[in-house]
């Protein structure tokens, strides 16, 4: 099955990012394809390369970048990102900023979309 | 359909809202703070005790463990993230955020 | 196009103004309507509060999104529904909910269509994908 | 004391939690989505209809207007942000987030 | 110091793990305890779920904060209370809640003290400042 | 009266920032003093200079900077900011990053603290 993921909340503050990540790992382990991950609402905060959590905790933007490096399309909504101050200046690697049309495309090209939020 | 619920039922109406629209044969997956609904012996346990008669109810194991929940309503099925994936394969999903 | 007519629903369950979810859900509706989708929008639970008449965010000092909500039809977002019970619980009369556009010919206001829970549940079950706010 | 409540009472238990601990003579200020509790004729109006007998209940006017709420439970006092400041001067505050 | 003994309370009402509020509230407690304050901490409503025995966030892949919560007393956060009704509603036995430290001499575990709503309300009313999560 | 303010949620996503701002304006208009504004939890997102909302909407970090310019002590919690990627690199003017001890100091030196959050 081809799956896309919508993440609506920021890292650390809500469990949404962690649930999405754990779900994606399980889906990949079962051989499913992830068409894309779309970050919207406060979800746009997931992708700043400036985050610097305690050494013994997970590094959420780095995890997303690593998934992006495997070829999964990682997209941040430009409108939601602009008002919140997430720009190319702070964007982590292997993630791109684009429009909501990319979410529509992900839906078109996926069997399922799963939303994680608050 | 698969309904996901991620809010504490003690503080938030999401689970009740979900149960109002869910249809016989649907599956309900409790995750994050939603897993408190799976606990036996709480003032709100009857919600899921009734729900299991109409729906397949699952709760994410990692979320149960994080919250120390072991004494569960017995018809609730403990699920891994892999089981979550299988449910998504079987049903379209609505997240009751 | 192979995907033409894929059934996609946006559900809005959060109340307006206390958070941005309703506003950002409208931005999603506007974009989805320009794609080849069979789009439905459902306001339910606290989401129906977005349909309350007389909302004016000026004194809050925030732009708000009432203009966008009133122009859904102009953006081709036409299949818009509200849950009857949610309106009733919140004391909103069905004939008082805001218009989401005007009829091109008659100029008559177009309102979201009020449905029972069972109708909404059946519609949800028929979707390919649902995005929720 | 002044208690502030900013959540919709249809979806969240904050107002009920607040009412459980508030003491006679306390003030309750509804703001943000909390102002829905001030509306007359809803399934939950009785909460504030009862509360006004024991507490001074205020609702922020800008929040009421943003939400189109004009038909209020009549003992609720419509408050400006300036009135909010005066309440804070009078009482220590607890925010029921 | 003029401010010595200013009564300050931290209330925790959100459930743990689904969001970071409980964790970041503990960081506040640790710092406040090092200042000249008469600090009280109250867990109530869903906040008491942070006191549930047996929590282990390892499988979630998150660090969590159970170690911090179990060391409140070491950080001089000693006036810690839990609301009786909140525990009861959530099926948590009063004698099962987690320890927040050990007695220096006996090594016996120290637990939050369980109070009735009226006692908590009276305590709240006596504070100079309350910070809530 | 001397007041301090605690903001626990990010801009635009929650009304907390707006309520806090409107409250502060009213307090200043009445001649009260604002000892400080402390940004914690997701509140740390209020202070990025990179935010770029639509022209006809309010600019939240600019409003905070303007308040800072009047001499009000604007402080962002370093621990909460680090994990969320708010650093000096993106900090708006007239706002500083410091520790939670600054919140304790604000409480010591104020008659009241008012919390705005979610």
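All chains are identified by letter, namely A, B, C, D, E and F, in their written order; residue positions are counted from 1 within each chain.
Keep this in mind: a contact is a pair of C-beta atoms (placed from the backbone, for glycine too) under 8 Å apart; a residue touches a chain by one contact, two chains touch by 3 or more.
In this text, all values refer to a predicted model and were calculated from it rather than measured experimentally.
The minimal number of chain-to-chain contact steps leading from chain C to chain E is 2. With contact taken as defined at the outset, chain A and chain F are each touched by C, E.
Set against the Cα centre of chain C, the chain with the most distant centre is E. Ranking D-F and D-E by contacting C-beta pairs places D-F first.
Seen from the Cα centre of chain A, the chain whose own Cα centre is farthest off is D. Averaging C-alpha coordinates per chain places the centre of chain C 33 Å away from that of chain F. Centre-to-centre spacing of chain A and chain D amounts to 38 Å, using the average Cα coordinate of each chain.
Chain A and chain C have Cα centroids lying 26 Å from one another. Chain centres here are Cα averages; for chain C and chain D they lie 28 Å apart. Counting partner chains per residue, chain C shows two or more touched chains at residues 17-20, 45, 60, 62, 128-130, 132-133. Chain D has residues 6, 10-11, 13-14, 32-33, 62, 92-93, 95, 97 in contact with two or more other chains. Each of residues 8, 12-13, 15, 22, 41, 54, 57, 112-113, 115, 117-118 in chain A touches at least two other chains. Listed by chain label, the pairs that touch are A-B, A-C, A-E, A-F, B-C, B-D, B-E, C-D, C-F, D-E, D-F, E-F.
Across the complex, chain A is touched by residues 10-13, 41-42, 45, 48-54, 57, 61, 82-87, 89-90 of chain F. Within the complex formed with chain D, the residues of chain F that make contact are 1, 3, 8, 15-16, 19, 22-23, 25-27, 29-30, 32, 112-118. Every residue of chain D that touches chain F in the complex is listed here, in rising order: 4, 6, 31-33, 60, 62, 80-82, 84-86, 88-89, 92-93, 95, 97. Chain B makes touch with chain D in their complex at residues 10-14. Chain F makes touch with chain E in their complex at residues 6, 8, 40-41, 79-80, 99-101, 103-105, 107-110, 112-113, 115, 117.
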